[in-house]
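Each of the next two complexes has subunit A plus one more chain, namely subunit B in the first and subunit C in the second.
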Partner chain A sequence: MNTTVVRLTARSMLGGRRVLLLAALALLIVVLAVLLRVFADIDQGEAAALLRAVSLGTLLPLFGLIVGTGAIGPEIDDGSIVYLLAKPMSRATIIHSKLVVAVAAMFTFAVVPTVLAALIMVGGSGSLAVALGAGAFAAGAVYSAVFLLLATILRQAVMLGLVYALVWESLVGSVVPGARVLSVQQWALSVAESIAAPGLLSADVALGVAVVLLVGAFAAATWYAGWRLARFTLTGPE
Partner chain B sequence: MATLTIDRVSRWFGNVVAVNDVTMTIRPGITGLLGPNGAGKSTLIAMLSGFLPPSTGAVTLDETPIWGNSDIYRSIGLVPEREATFEYLTGWEFVLANAQLHGLADPGGATRRALAAVDMEAPAQRRVGEYSKGMRQRVKMASALVHDPSVLLLDEPFNGMDPRQRMQLMRLLRTMGDDGRTVLFSSHILEEVEQLAQHIEVIVAGRHAASGDYREIRRLMTDRPHQYRIRSSDDRGLAAALIADGSVAGVALDGTDGGLNIETTEFLRFAGLLPRVARDAEISLYEVSPADESLESVFSYLIRR
Partner chain C sequence: MTQPPEQAPVGVIHNIGYRGYSGPRLGRQAVTRALFTHSLRGIFGLGRSGRSKVLPMGMFAIMCLPALVLAVVTVVGSNQGVITRPPLAYTSYAMVTQAVIAIFLAAQAPQAVSLDVRYATLPLYFSRPLERTDYVAAKYAALSTALFILLSVPIVIMYTGTLLAELPVAEYSSDALAALAGAVVYALVLAGLGLLIASVTARRGFGVAAIITVLALSYTLTSAMQGLFGHGQDNMTAAGWLGLLSPMTLVDGVQVWAFDAQSSTITGPPGTTGGIVFCLVTLAVIAGSYRLLLARYRRVRL
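This part shows the complex of A and B:
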């Protein structure tokens, strides 16, 4: 990890309007929780189902897309990445530093609001908040790494990421049961399920498999992004 | 002493050959890489700066391969053509970040020295996004100089600069060359290159067309056969009168549109000859235009030699 890369990435990712968008989305989920707590009488099961759909199902892949691609995509697009790459520093270090920023942003803007919303809706008694927090963190880290990789190797990373987040994770996962084994959301759910009170959440992937896949996907995406960045080329055919 | 070597290097992208079997050695001092747009200059600079592997051949700095070797950047300073920097940083922050990324022992001191070298101390507290083109170019220079590299690579550094900025940058590059650094810059404008570079490498359509002192290149470019298109009141009469002179290498009557196509080997003598011959033969000249004055044709002449 390199502190200068971390600092530059944090400034470019969170300096502009992107941070406002992230904060607004984070606030939305907390406000939703407050409104439901005040105006509707929801039980733990309903709160779990809601957060599962809103946070794990939508917010996390979307945030992962924003922070994962935002950590490196704009610099590759405008060419300023060259100032980071033309340095006596391993390219993997650059990826690690950018990933640290992306995961930290995920934690702040997606994991913390999810935990807060759970606490607001069901109170501090249950284990739901901890369960969802752990699941959200696991999913957030993997999404960050995968989308960072995507932005490193593809110019159309945002489009492709959006298709993955919306089509694969939501649609294919719900229609084709077998596809769920390859869904970050299901892996995260499996982690959350193991922590939450029995019956609150259910996942299609066993915990052991989920943990191996989460760690494996995170490590593989991070390693491959570094490998590809080490082979970054500046000019192509015009 | 840093020497860049390009040894039998080709680079292709799919079916397109961008650089075709080029061999050149770039030594300390200022070298200009001259060629028309799309000739492969940027591809060469990308390979020299470690951002593109050659398809075949070797690109080395003092015998160390450049591709895939991030330690090489201790010796190389790169000024990319694209303007984008970290717009949200001030000039000072930008150069300082570069110093820190190099892991320099005294990044603050190095930043001060680099900004002083490009005369950018005063605007250093303003954001890079607010800089003019010339200031941007200079702050990019400072970022490339901050680690005191022995090699400086600049891709089209004069593009879009006004004459004053151009002079300023030339002065700066001359200082770099006089310091014994290996400075390579690319340009598609002959005048730019010959004002600055002691040594010129010409590249055309991906091939190494000429190499040497700027005077040699200049001579090659002016002594080549020039072609003119002429329309007159009596094309045939004019053709007969012109071919009698030794400076005229060929005359052709244009059958379809009328007019004459003339080739001359001695530009200055022909310039005096044509009006004299026309006056003596009482022929009116309607049109005299160079048929091949574009830079491309000068370059393609060099390549044919």
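This part shows the complex of A and C:
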């Protein structure tokens, strides 16, 4: 990890108006929770189902896509990555630094709002907030690493990531049950399920398998991204 | 008419033989029309590299595939007497395949406008007799047409299946017409929002992410809250009004009220007032995004 790379990445990802847009996205879910708390009388199960669909199902994959590809994609796209690659620094270090920024942004703008929304909706007593927080963090970290890897390998990382996040996780997962084993969302749900009160959340993957897959996917994606960046060839714009 | 080159003024230092153009000049309308066809072809990847064709053509194929399966199911099923009506209402098709539509829009709206800003082709366009309003109109028309093609071809396929199955023609013809009219509204609303978001950013990746976030997140939020209010709280009126909050459910509400379609969400707009409000909001979204696009290109930095 290199603090200069971290600073530069954070500035390009969060600088200017961009941080406001990300914050607005985070605020949206908190505002929703407040409105529901005030205008509707919802129980734990409904809150869990809502946050599962909105936060784990939609917000986290999309956010992972934005921060994961945003950490390195634009630099590769406009070619300014060469100035970074020319520095006497391990390519793996570059990936690690960028990943730190992506995971931190993920934590601040997606995981924390999810926990806040859960706390607002079910009150301070619930283990639901902790469970969803843990699940969201696990999913967020893996999404960031996987999409960072995609952006390192491919020009069309954003589109491919979208197809994965929208088509694979929701459509294929709901039609082909076997595909759910290969879904980050299900792994994270499994983690959340083990923490939350019984019956609130349900996952299709056993906890042991899920943890192994989460850690494995994170480590493998990070390592492979570093390996690919070390063998990176720069191509011109299409 | 300029002079033919043989009578060019003598005493010229260099004459490398360029000839002036003396044919008819086609003017604004022709430029707009050319920009429209060029953009429409570009959206489907025609006249671009093979790699640019993969995504739009792939999405188009994925869009048509379920319709084809449904059409075959209708024909075979009605021959065996197990099916008496099409398995899926034509008007619900867009809602069912909305992930595909969202990806198509997110990929192709920035392609239609962001690249012109990024690679500085806009000054070249505006140095022609093309006005800024023409540019916006051409791009809006091109993206709407592309979306309409994407939405209407599956409907036509399903309708053909119904015809071949010899189900009552009159009833399903009006259903198909309603679905096609709905497709026009979907196309206009989605194209307006997509272009508006894409025109603000010169970076393609960011535009893609922004469009998909707006569409997917607003739909998930809306349908989750509709389920919560409709089933959990037993408050169908509130659930109906919530449909205003996402583009997909908004247009679906218009279909339900104006074209008498079956609702694809848990409930349609509440009553006649709700229906009128849904239509007015839809018109406001279309007109508003067009006006904002015009404003954006009036002030665009070339």
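In this section, the second predicted complex is superposed on the first by the 232 of 238 C-alpha atoms of A that agree within 3 Å, B and C clash if a C-alpha of one lies under 4 Å from a C-alpha of the other, contacts with A are read in each partner's own complex, and residues count from 1 in each chain.
Rule of thumb we're sticking to: a residue touches a chain if its C-beta (ideal position, glycine included) is under 8 Å from a C-beta of that chain, and two chains touch if they have at least 3 such contacts.
Fair warning: this is a prediction, and the values are worked out from it, not measured in the lab.
Legend: residue contacts after superposition of the two complexes on their common chain; A:Y83 is shown touching subunit B, with no touch to subunit C.
In the superposed pair of complexes, A:V100 makes contact with neither subunit B nor subunit C. Once chain A of one complex is fitted onto chain A of the other, the partner contacts of A:F232 are limited to subunit B, with no touch recorded for subunit C.
Within the superposed three-chain model, A:D41 lies in touch with subunit C and out of touch with subunit B [touch as defined at top].
Once chain A of one complex is fitted onto chain A of the other, the partner contacts of A:R91 are limited to subunit B, with no touch recorded for subunit C.
Touch criterion not met for A:A131: it reaches neither subunit B nor subunit C. Touch criterion met: A:T4 reaches subunit B, while subunit C stays clear of it. By the document's definition of touching, of the two partners only subunit B reaches A:G15; subunit C does not.
Across the superposed pair, subunit B and subunit C both touch subunit A at residues 238. Residue ranges of subunit A in contact with subunit B, taken from their complex: 2-5, 7-8, 11-12, 15-16, 78-80, 82-91, 230-238.
Considering their complex, residues 13-14, 16, 18, 38, 42-43, 46, 49-53, 68, 70-74, 76, 78, 80, 82, 84-86, 88-89, 97-98, 100-103, 143 of subunit B touch subunit A. If you check the complex, the residues on subunit A that touch subunit C are 21, 25, 28, 32, 36, 40-42, 46, 49-50, 53-54, 57-59, 62, 65-66, 69-70, 73-74, 77, 156-159, 162-163, 166-167, 170-171, 238.
Contacts from subunit C toward subunit A in the complex involve residues 49, 51-52, 55, 99-100, 102-103, 106-107, 203-206, 208-210, 212-213, 216-217, 220-221, 223-225, 227-229, 232-233.
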